[in-house]
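Shared between the two complexes below is subunit A, which pairs with subunit B and subunit C, respectively.
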Partner chain A sequence: MQSAYIPLKKEKSLYTWTGVLLVLLTTVVTGYTTKFDAFEAVRVLPGIMDFILTDFLPPAAEAVPNFLSSLLDTLCMAIISTVTGAIISLVLALLCAAPTTPHPAVRVIIRAFASCLRNIPALAWAMIFVPAFGIGKTVGVMALVLGAMGSMIRFFAETIEEIDLGSIEAVRSVGGSYWQVLKNGVLPQCFPGIISWSLYNLELDIRASTIIGMVGGGGIGFFIQFTIKLFKYRQATMAIIAVTLLVLLTEALSKRIRERIM
Partner chain B sequence: MNALLEVKNLHKIYSNGTHALRGVSFEMKEGEFIAIIGLSGSGKSTLLRCLNQLIRQTEGSIIFKGVPVEKANKTDLRRVRREIGMIFQHYNLIDRLTVIQNVLHGRLGYMNDLQGVFDLYSLEDRRKALSILKRVGLEKEVLKRADQLSGGQKQRVGISRALAQNPALILADEPIASLDPVSSGVVMDYLYSICREDGISAIVSLHQVDFALKYATRIIGIRDGLIAYDGKSQDLKDSQLREIYKKDLNESDDRENEATGRKSAIAV
Partner chain C sequence: MKTPNNVAIVPEKQKTLYTVFFFVVIGLYVYSFIHLDLALKSGLDGFVKTGGIISEMLHMDFSEWKEVLKAAGESLSVAILATIISAALAFFVSFMAAANVSSGILAWFWKGLTAGIRAVPTLIWTLIFVAYLGLGAFPGVLGLCFHSFAYLVKAFSQSIEEVKEGNIEALKATGASWPQIMARGVIPPIQTALISWTALRFEFNVSTSSILGLVGAGGIGQELSLVMRTYNFSKAGFIILVIFLMSFGIEMLFNRLKLNVDKRKLQ
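Here is the complex of A and B:
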């Protein structure tokens, strides 16, 4: 006797339904535990909109000279942290990637180290460093570098591992030493990938440095936090707009650079 | 005259269990142009790569110019490698770099780390690279990026890189497998004539038997990791050729004929 039902996939739909139910259940339970009231969230929306429209707008254009130097600071902090972070990460990534690692143990240690770093955001580092070393841009840069290194080591290592091993074989076969193979075989191939990830990191760092500024890292984040605390909301809005423009500008520039490098 | 290369009882077992070489032995004198023929997977590539230790053999010895290569330390191995030029099936150029940069890589074995890392090639080296490129007909592409060349041109850059090493021996691993028949002819002509003119010995692995017979003085046929024929090309009999390229009994005769490029008397 032929079956009239032709299933579309192997797994029974029981698994799918159980999954959906679990997700719903989890949402309800966590909502209850955190006292998240969806209705309350909707109810206060008009109040929030009103607050923003009255106090935060229009942005205070006259405040621009006040924060211009802070904005520049933020940009500089982002650039320095990206460059420093990239150089350190590249060295560690070379030690960590399969084709270039001197020893498998080194690889494991660095991967573990990078994982730990990646899980601690720059903000957390800033909150540790500010009480330890004081407020200021240097501290901000340190936090940004550590925050960036975690992901950059992993990205760079992946870029290195994706290279064509045939070219490496060729430079080894002419009698090249480890360093010669590295410079002539490995680096030319990874170059676009490394620049690409570094530019991506630059964009992240600009945004991160804004946040870091709020905990004392300097730059425009500091300005935004301080104007809000002094109830000068319209100035804060102007600063936020300025940061947004900076991020957009950086994205456009990095896109151009990537196109030229490839 | 001492042998340039002595291979004794070479065995290679890969980590996945494949016994690629099962006791290969032969000697090579200076000036020979040897073609190694055999099916894919017969051990040709493995053999070539053991000669310059890109792959380490499991057992057996390889003696190049009196030096046992498998026992060489880092410095000695570099010295051995710089005298052995290698040409690859997939060219293995550094695509982002220019033609002349790729050719100059052939000099790295003669330079120290500092010079190699900072591209400090001497004027002499650069002049030599240009003259080699002229010899293979690439003088107009000198500053082009390697990935902008055709397959035949890329392989000629590969040959140039090997020549820049001033090698005593050139190993070519299926150099024309990725090329069309016309480019194949061009590349083999250059390889053969330059080796002849400069007195460079060569071992070329090919699966195109007609090319092997045309250029080589000596043919080594490999089957299943062992040498099935080692002698002059004119002495190679049809039956021996079929032995080398014989597939399992369930394969048809037509496949064999394709591989050997000859018609069998028993073919339907």
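Here is the complex of A and C:
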């Protein structure tokens, strides 16, 4: 027994050391390509801390009236993009998920489409929309909808694929049509999952809208970038705190809703 | 359930809950539309223009492929380096931040600090670092590191807190020291979770690193914002393709790993 155990352990430690070596090698190579200097990083850190502590703090409370309407814009943008995205994604997810797809080809096409949406960052979408729609909230909403769809199609389809197939079978066996299968067999089971993912997406969208604003998508992100560029750092801090509070609020609210619905 | 042969699939109470929920959502939705007053009337025109831009993008201009690929390599390097550094730092810090293996005040301090860092998006951290250090990949790595570190500390320490009390208790009873308890009782059960979280964060870092250039942190994002500013859509098309392929490739790679963590638990 002892002799059978030893080679296994040796093999395992060989794997570990190869792994460690590979990670170290990658660190060196990437450090070289990015010209990253660890000593420089340690050296500038106190300066950065000082910069953040003295220039960004304390937050300027008097800036609140300046961005309150942008904050409301951000919330509205997140709501519109989540709901719109969720509705379109639900339809596409039903067409794409294995138990409900009308044809395997449709499945492949929708998956590819979702992958395109997901892997091109929302910020890039916003940049494409800015020349067409002009700077403003419309661009922000459109980019958020596309970004939201990318991930929601995938999550919804996964939710649908996880359901208990017995209930589909049951509705079918009593002669239910495709719509009846959807209405009575599929949807009741996946609603909790869909709502949960949508709420998660709402939080993500509120966070994302802070950065969408930087490329001309409106909302609080525009205010944050604008104030940093004008060196009004304390106002930016206040705006960041306000967004954080908004996110925490939605987080708490969506947790309550999830607990009630699930 | 009104009559025995009319069995509700969804319980009656749940049903009212759903109805209320949907009406609230519809109300908020309509209000948001009215409040934002989106330019949907002129929207059709915008869609036509977008179609034109996208078709122009599809006529990709590969002429500067060397520069673009080099920039893509830089972005990828930034993502890899930031992930390695932040995972290594977070690994050590997470033991101090986990309530079950650390002391109360220490855990509270690290949790508070990392929650504060996480509240600020990566792009804004990078913007701050660019403001202090100037343009280039260096502030990009630091900005990405900062946020990844805070994220991974939370993820790792949550995994540590999920370790069964019995494991730690059993080792304590044998007189093991703190490092021995960590090495034998805490790390082995959470090994896969740690790797999964790091991989998940790496996926996120790759897609983020490609847009860091928009705030002046180098890489492929810088190229993109440059050509978009000059309305050179055919070059932008190629750059977006490269960004897509990079993040798609990583996604494919990690789909095979089957990351068994629930993202919704943490942001």
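List of remarks:
Just so it is clear, the second predicted complex is superposed on the first by the 248 of 262 C-alpha atoms of A that agree within 3 Å, B and C clash if a C-alpha of one lies under 4 Å from a C-alpha of the other, contacts with A are read in each partner's own complex, and residues count from 1 in each chain.
Everything that follows uses one rule, which is that contacts are C-beta pairs under 8 Å (C-beta built on N, C-alpha and C of every residue); 3 or more make two chains touch, one makes a residue touch a chain.
None of these values were measured; they are calculated from a predicted model.
Using the contact criterion defined above for the overlaid structures, shared-chain residue A:Glu169 touches subunit B, although it does not reach subunit C. By the document's definition of touching, both partners, subunit B and subunit C, reach A:Phe191. Set against each other, subunit B and subunit C touch different numbers of residues in subunit A, with C touching more. Of the two partner chains, subunit B is the only one touched by A:Gln180; subunit C is not.
Touch criterion not met for A:Thr54: it reaches neither subunit B nor subunit C. Note: residues 184, 188, 191 of subunit A belong to the subunit B contact set and to the subunit C contact set alike, using the contact criterion stated above. Those residues of subunit B whose C-beta lies close enough to touch subunit A in the complex are 52, 54, 74, 77-82, 84-86, 88, 90-97, 105-111, 113, 116-117, 158, 161-162, 165.
The touching residues of subunit C, counted against subunit A in their complex, run 9-10, 14, 17-18, 21, 25, 28-29, 31-33, 35-36, 38-40, 43, 46-47, 49-50, 52-54, 57, 73-74, 77-78, 80-81, 84-85, 119-121, 123-124, 127-129, 131-133, 136-138, 140-142, 207-208, 210-211, 214-215, 224-225, 228, 231, 236, 240, 243-244, 247-248, 251, 263-264, 267.
Taken in their complex, subunit A has these residues touching subunit B: 164, 166-167, 169-177, 179-180, 182-185, 188-189, 191-192.
Subunit A makes touch with subunit C in their complex at residues 23, 26-27, 29-31, 33-37, 40-41, 44, 47-48, 51-52, 56, 72-73, 75-77, 79-80, 83, 115-116, 118-121, 123-124, 127-134, 136-138, 141, 184, 188, 191, 195-197, 200, 203-204, 207, 210-211, 214-215, 224-225, 228, 240-241, 244, 247, 257, 260-261.
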